[in-house]
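Every chain is named by a letter (A, B, C and D) in the order it is written, and numbering of its residues begins at 1.
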Amino acid sequence: MSNYTKDYSMPELMAVTVAREIRDGELAFIGVGMPLMAATVAKFTHAPNFNMMVEYGAVGPAPLRLQMCVNCAVNNERAYFAGSQREVMGAQQSGFVDVACISGAQIDKYGNLNSTCIGDYHHPKVRLAGSGGANDLASSASRTVIMMRQDGRNFVNQVDYLTSPGHLGGPGERAKAGLVGGGPAAVVTTMGVYRFDDETREMYLEKIHPGVDLEKLKAAVQWDLAISPDLVLTELPTEEQVMVMRTLDPLAVYLGTGRQTLSGDFEAFMKMFEDSYQPMVQLMRSKGMM
Amino acid sequence: MSNYTKDYSMPELMAVTVAREIRDGELAFIGVGMPLMAATVAKFTHAPNFNMMVEYGAVGPAPLRLQMCVNCAVNNERAYFAGSQREVMGAQQSGFVDVACISGAQIDKYGNLNSTCIGDYHHPKVRLAGSGGANDLASSASRTVIMMRQDGRNFVNQVDYLTSPGHLGGPGERAKAGLVGGGPAAVVTTMGVYRFDDETREMYLEKIHPGVDLEKLKAAVQWDLAISPDLVLTELPTEEQVMVMRTLDPLAVYLGTGRQTLSGDFEAFMKMFEDSYQPMVQLMRSKGMM
Amino acid sequence: MRFQPIPIQEGIAKPPAYKIMTAKEAITKFVQEDCYLGMTVSAAPASLIWEMVRQRDRIKTLDLVITSQIGMSSVLIGSGLVRKLEMGYNWGGIEGEDKVFRRAVEKGIPRPLEVEEYSNYGAAMRWLAASMNLDSIGTKSQLGSDIVKYNPKIKVIDDPYTGSPVSMVPASRPDVAIIHAARADEIGNVQCLGLYGNTDTLARAAKHVIVSVEEIITSAEIRRMPNLTTIPYYYVDAIVHSPFGAHWRESTYYYHHDLPYGLDVYRQFATQEGYEAWADKYVHGTKDWNEYCQLVGYDRLNRLRLSENKYQKFGEVR
Amino acid sequence: MRFQPIPIQEGIAKPPAYKIMTAKEAITKFVQEDCYLGMTVSAAPASLIWEMVRQRDRIKTLDLVITSQIGMSSVLIGSGLVRKLEMGYNWGGIEGEDKVFRRAVEKGIPRPLEVEEYSNYGAAMRWLAASMNLDSIGTKSQLGSDIVKYNPKIKVIDDPYTGSPVSMVPASRPDVAIIHAARADEIGNVQCLGLYGNTDTLARAAKHVIVSVEEIITSAEIRRMPNLTTIPYYYVDAIVHSPFGAHWRESTYYYHHDLPYGLDVYRQFATQEGYEAWADKYVHGTKDWNEYCQLVGYDRLNRLRLSENKYQKFGEVR
């Protein structure tokens, strides 16, 4: 089954790597963008009984088209449940979410994330979106998988604003703060895959992406990064995994330049749905999903 | 319109008297039994835009048959809303219930009710049902209307257990306790109709039922009962009011001996629905309700 | 590849696996001695209650938590299974005075019954709190009443923002919830149709959830109107197919309350001997719900169904 | 006698009266200067937002409370109406970076914007608290984060039962809620179909509620499936009939997100001049929602509808 391909982009590699963090039968809290692509890959390949939970109130959607947003009509498509945010967020605070995918603009060695502001909170250099559901998921999901670009400046000693708790200041601090979830289990970046030491709760490098230079990676981390003695290359995407992503999102809206393509071009947008409809039907049928 | 009738029973007089406490356009929290009959009279006569709220989660049912219980299937019949108790109880705690009908086994002069036990709580002579929704409604409804038998022993100086707050110990005490509702507005018994003095919050007799002796009524109250200087006779039921009750409940399940009649008699039960179906359809049609 | 349900795993979220079992299997698997059992009465999970009474020698003792119960808790209390009752209300409703409850509280027959008491909303909020993993929650009910005086688990505190009094109730997290509902698919997505009281929060508060249903439907039917799903599959451990499973009580869109039966049962419950005679015949004398229905008579049950459907049927206005 | 809707009276419960009015009438009647306005984005109440922007000279200032907003709040912030934003999240979603929000917070353009910040669930719980008339409620979110550090309105306390830390948030009771939904009858029973986020609790938390809908339906249709009623009439002040009323965003079962339009709008919003040019043309340049739809083009809107209905239609699986 593992027909690896070299025909992939970096966002596709990241999405596939995140997908592999999702196990069959699990319930995962998923936003749009890369997490959605990862979830879709998981569902259509190794985790057919995994289900998505979407923040505005959907569980288990099985759509034939690309979601646009966490409150999007598409999330209702053949879902098991559609209703309130309270339902899904209440379930997640109660520990029913096995895995959640979150992100941030900055991260520290304990996996604490900032998605609120760069610079001083009251006079920000860059104002960002704020927590959204990220703080909630970081607080209460059984485990989180963090995805982010690694740009050389955002693996920091201290985040400018701690939006979403990782392991806070180290061992035992989550429990002391009253947090019920397990915290971050993995960080998937444009350079590699990181996990957290069971004892110190500090991040270490587990896998490095093909073609990434280890020294450059280390230079892109402000602290003295621990490296796994068993450091391996990140597993490549399979042909099927890449096919799934390109079938659902042929214009690479989430993993490429689709948004630039579509801005103002209504005909291209309508065509995207028309073109992807039959391939998606065939994909769903081939997987016994419809 | 007021064609008064003398063909009525005491429970029917009480139900009609309670019905007159309900104003058009209001939202009333209604249980089964006498409150249901009162609500039905109101809806079919002077308050067509009044709606019932039922504890297990229904609003505005317009059934063609007799409700059996607050969680009964009948409450779903052509309702505006069906769902959770949280919905209706949350609304009522927020003040959306204009009027609620409650009852109890004992009452004191401030309208505090006991529906929990007779005698000591830990060693009760008679164990009763407990609060149910009565405490909730007594706490938060804009006003309550209390219905009860007056048997000579239950208008007491002190209730054995204060299940549902009336005006507690007098003026200002509800607000001090943190209660958000207005408390009892009227008490309708087998003898008369009582209201509460605006200043002292003590109960006084406003109306006396036809045929009831005032001295006997006073003797049936443990405290020195205040009597309105404008004491009047309770208004009689109209022919239409009695007709409504007997159309919905031809065997007097709630206001008579219907339960004895029906115990073990399945055929009589089926016949009750068959017999009442067409008259109810006609009644609903005559009122423009279907 | 077909989507195959996978085996039940350990974990909080129940997987989307095949969950249909018999009442006997479900009760045997999930309800153990000293179980803290939550139940609601909309609709009544009668087929599950009967099965617990059948297994009373194994189960021995239950601590029962309800909001309000009308009728059905009598069957459990009369069996001697219930040691403690956390409640807002317990009575017979239209069937009248609950003499089973009275005997247990007043005279300790068939065993002493400890009562922990709230208002209905207070009791309901305990499941709401647990459904969100909160340890407690406030309500504006119960204030100034003897409910607070006699239940030390209710704490009246000042709201930390406004200083207004609020009565706090502790979260209730039953070991097992038993629920009756209209429909479910085989992986446990449950639709309650009509009024459902506190069923939604109870299912979210309990560690294990057993749901008996009138109908098993396809997952495609669930997916047709996902807004109607009251309890998503991840809360549910077992689905028990029990047509007429709420008898003598009602099931919205399916059948009407069997009032003559209920009144007659309550007449028999006036004495403990009467209770035992009824239970011997209708519960212990039947091996499962189907046999109970045969004893009541499917002709009778069918007429209750026709009567209900004359007035209302799902998706129609009649 | 016909059942006649009665006039609106004073009181908390809104009566079952005829409530249909235009967006202009509803906004004029209920949204005043310094209004504390609650809104959700599922679906987006675009027709009501446009109308507030048209009336910005009268309304002058709003304090806005949201949980998460994707796109639509930019239109209000860019207009200069918003003085304060209580929020969990504010960004463009798939449309990208919200430069309107950034300009307001970073540079005070077009006016300074005070931000009061929660997690999404923390923000949502504020409406849940208000929906039950509680002054505050707890959550297990926000603990240990800087959200608590920078928002003094969040209080971390020990649960009175278990001593576990819980972050309390104060109830939010907006003066007015603006909501977009699928369907309503003329007395204000509202059905949200599909995901509805926090719409249910917002409607219960606010003092006045304006709901724009895709379709006006009969009360008989409401009564056909009362389980689908998301907001009963007693919460609702005004129903505004706004077909395509969430454009450029989606409305489940009605039409798809108009992503090319949204992306183009966000491109224009990169500068305040761009915002003003867009608003001049599409908001101030149209007198009502129908004119806006004409400007966008009903042919285009209709194609979005056909696209949505190819994938899903209410009551069917496609």
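The working rule: a residue touches a chain if its C-beta (ideal position, glycine included) is under 8 Å from a C-beta of that chain, and two chains touch if they have at least 3 such contacts.
It should be emphasised that the depicted structure is a prediction, and the values quoted were computed from it without experimental measurement.
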Practice prompt. Could you tell me which chains make contact with subunit B and subunit C both?
Written response: D
Discussion item. Looking only at C-beta pairs that count as contacts, which pair of chains has more of them, A-D or A-C?
Written reply: A-D
Worksheet item: CA centre of subunit C versus CA centre of subunit D: separation in Å?
Response: 37
Worksheet, complete the sentence: Here the gap between subunit A and subunit D, centre to centre from mean Cα coordinates and rounded to Å, is 27
Worksheet item: How big is the gap, in whole Å, between where the Cα atoms of subunit A centre and where those of subunit B centre?
Response: 57
Worksheet entry | Separation of mean Cα positions, subunit C and subunit A [Å, integer] | 39
Worksheet, complete the sentence: So subunit C residues touching two or more other chains come to 132-133, 139-140, 164, 166, 193-194, 223, 226-227, 317
Discussion item. Multi-chain contacts only, two chains or more: what residues does subunit A have there?
Written reply: 58, 76, 78, 82-83, 93, 140, 180
Worksheet, complete the sentence: Listing every touching pair of chains gives A-C, A-D, B-C, B-D, C-D
Discussion item. Going by the contact rule set out above, which residues of subunit C touch subunit D in the complex?
Written reply: 132-140, 155, 157, 159-162, 164, 166, 168, 170-171, 192-194, 220, 223-228, 314-317
Worksheet entry | subunit A residues within the subunit C interface of the complex | 24-27, 48-49, 51, 58-60, 62, 76, 78-83, 87, 90-91, 93-98, 140, 142, 180, 286-289
Worksheet item: Which of the residues in subunit C come into contact with subunit B in the complex?
Response: 41-43, 67-68, 70, 87-91, 93-94, 96, 98, 101-102, 105-106, 115, 117-122, 124, 128, 139-147, 150, 156, 164-166, 193-201, 249-254, 256-261, 263-264, 267, 300, 303, 307-308, 310-312, 317
Worksheet entry | Touch list for subunit D against partner subunit B, complex | 1-6, 9, 11-13, 15-17, 130-133, 189, 204, 219, 222-223, 226-227, 229, 232-235
Practice prompt. Going by the contact rule at the top, pick out the subunit A residues touching subunit D in the complex.
Written response: 32-33, 54-58, 63-65, 68-78, 82-86, 89, 93, 116, 121, 124-136, 139-140, 161-165, 168, 173-174, 177-180, 253, 259, 262-266, 268-270, 273, 277
